[in-house]
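Structure provided below as structure tokens; questions to follow.
Chain nomenclature is as follows: A, B and C, assigned in order of appearance, with residue numbering initiated at 1 for each chain independently.
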Amino acid sequence: MKKLLLASTALVMSAGVAAAEVALSGSAQMGIVYDSSATDELSFNTEMGVTFTMSGETDGGLAFGAKFGAKDAVDADSGEAGTVFISGEFGKLSMGDVDSAADAIVGQIDGVGLTGLEDLNEIEYIGIGTAPGALYEYSIDGFSIAAGIGQIDESDRVISIAAGYSFEGFTVGLGYEDEDGGPDQVSISAAYSMDMLTVKAIYADHSTDGDSYGLSVSGSFDATTVTAFASRDTDEDTNFGVGAAYDLGGGAELVGGIARDGTADATLADFGLSFKF
Amino acid sequence: MKKLLLASTALVMSAGVAAAEVALSGSAQMGIVYDSSATDELSFNTEMGVTFTMSGETDGGLAFGAKFGAKDAVDADSGEAGTVFISGEFGKLSMGDVDSAADAIVGQIDGVGLTGLEDLNEIEYIGIGTAPGALYEYSIDGFSIAAGIGQIDESDRVISIAAGYSFEGFTVGLGYEDEDGGPDQVSISAAYSMDMLTVKAIYADHSTDGDSYGLSVSGSFDATTVTAFASRDTDEDTNFGVGAAYDLGGGAELVGGIARDGTADATLADFGLSFKF
Amino acid sequence: MKKLLLASTALVMSAGVAAAEVALSGSAQMGIVYDSSATDELSFNTEMGVTFTMSGETDGGLAFGAKFGAKDAVDADSGEAGTVFISGEFGKLSMGDVDSAADAIVGQIDGVGLTGLEDLNEIEYIGIGTAPGALYEYSIDGFSIAAGIGQIDESDRVISIAAGYSFEGFTVGLGYEDEDGGPDQVSISAAYSMDMLTVKAIYADHSTDGDSYGLSVSGSFDATTVTAFASRDTDEDTNFGVGAAYDLGGGAELVGGIARDGTADATLADFGLSFKF
């Protein structure tokens, strides 16, 4: 088998490449997962994937592009996965399987572990509903605004708006999502980063399911990053976790985490290697 | 995420690359579609995809290659999608999900719109039947001939033959398709291109469904291309459409179209951005 | 469509590329298959695929990587296809859809034909069971050892161990696989290569299904490689085959084979072109 390697950005740019290009990037992980609630508590975890990132620029200086994972190639063909964007001084307009405006600006607190350990750190956004949707983002002088809408011919169409502000390491975000004939949710987050330490808090109030909130702290010391979080979901279950990542260089990390899943009344843990290509 | 960009053809060639290579290209579009017959007339349209194009050359100077879309990777493994070819002085032999000879030479009149608007401009070919099939093409001095056959162990096997001729901007094509124990179809097209104007007419006579025909006119003025077509399908429904594309440079186009769908008694329209990478 | 070609290894290396990269390689084949037991004995065969090969190196000099086919992108995301590895002086640890240790070291005798002709040359390994599994391999001074295990939370978990030794063209391998609550199998192979001739014999004893064995001989003369095999499966059916491949250069081969399928009481044959990109 003949292998053809891809050239680096620097090499390509200096050779004066055409504006439009398709880039390949990849990720993989190998490790072990513990779940106290499973019949067999330990299991292997392996994941790998490749992402296509397309980019170009119009003669007038607008940037455009598209991005999707190889595993989502079928759904990307119908805009149910992946995103397409165009951006310029007017901001950035994305379409496809976009985040809601709230998700894009309010975000999530940090999670732990090789596998994300059921993503217990994350609050649940209403999201964009049926894809393809559209997301508009604009940033200036530390201010960010965003507006999103799901597929417009759907009866459960979702709209979302959000705004954020960053100054001297401090970032705040406020978002609102509303589903036609369905629930709405207000979400807010505040984060502070100084040197290698980041603290982030989040709160969301869902009109039907109630509120959820969380706090995470991440600190980096040389090659090691340690993260801890505590969260409460809409079922009033409390989750918490702590994890660490050690940078081996070249795109490799040794990653592990342990978390308490309040809903499943289970302890989860994982450990392994994470690779970026 | 580490992104690896791909080098341009010029760069690779000057560096003396091995004959066999895999190239990546992509396309994406984002826009809005109108359909007067839908409950909710407007909807978002987003599509994106990546194509693998493989090429090589034998020591004896024969070119060979293969091509399929990332979304068709599973079907390409069994030859139900994608095509493989070898070509030389003897012509070009392709196998896989090939066009019928008639489709390859007689072709289609031009269509309009970002999404193709239901491809109302297109006549329906019998096609190659079950894939993998085979298509042989040979061209010399403006003459082209082609012969195709579907999977040979199928009871509904399709054979097709076609011939074309191009001279001084004028192109004519004639094709014939025949399904074992099924219908046959004769198709013919004539096109004329002068400067930036192209006119194309097509006619097909299906042994069971009756005849279909159409006419398209395309003109390019600076960065703008305007296209109009009228067609009549085998149900004797009349379709027509008009559209325009404005080249933004760098692989981006602003594209829109409007069409009358005679079968659905509907008006269709779309507008948006189309990108090539 | 803009095509972006990939740079060669030599070019990339001399330009000092980053450690982590994603490479693309491809394969395709086009030909015809004969099966005496089919209603229609002849059929077209077309196959094509692309493989993503990711590789990197940690600051401490450990190599890591991952590999999967585009058609397996969905399963690779859950480790049910593809493999991820890390290797160094300690050996190589792979996870995902790995071979059993026996399969990795004892291997298979050579097969024939463009399509493999039902892989009648191959003995059946118990394999790794449910993926993702893990495979550890270590080699030193001609000695190789391997140990494998399937997904550890499965009731039918499989373990395997194997060892091999190579000296002066002679290679021997011995493997053992055992399924929890299921069968086990011992397998052994011996091969001898001198100049362009390779002879390989294999034997396996399955605790439930009985034994299977085979012998293959391959010889290369200039651009031509001729292969013959005979095998007996666990149903005591005898299979044999003979085939040839002619190297056209540039990654292309003309390949054909004929085989006797003892189980199906059928004669199989194929002929066509095989391409590597």
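One rule holds in what follows: a contact is a pair of C-beta atoms (placed from the backbone, for glycine too) under 8 Å apart; a residue touches a chain by one contact, two chains touch by 3 or more.
None of the values given here were measured: they were computed from a predicted structure.
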What is the Cα-based rotation angle between copies subunit A and subunit C, on a 0 to 180° scale and rounded to a multiple of 5?
120
Note whether the interface between subunit A and subunit B is symmetric in residue numbering, meaning over half of all numbers used appear on both sides, and answer same or different.
different
If you average the CA atoms of subunit A and of subunit B, how many Å lie between those two points?
38
Of all residues in subunit C, which are in touch with two or more distinct other chains?
2, 4, 6-8, 11, 18, 20-22, 24-25, 70, 73, 251, 276-277
Sites on subunit A touched by subunit B in the complex:
2, 4, 6-9, 11-13, 15-25, 27, 51-60, 62, 64-66, 68, 70, 73-74, 76-79, 82-86, 93, 95-96, 131-134, 151-154, 251, 276-277
Seen from subunit C, its contact residues with subunit B in the complex are 1-8, 10-11, 18, 20-22, 24-26, 28-30, 38-50, 69-71, 73, 248-252, 273, 275-277
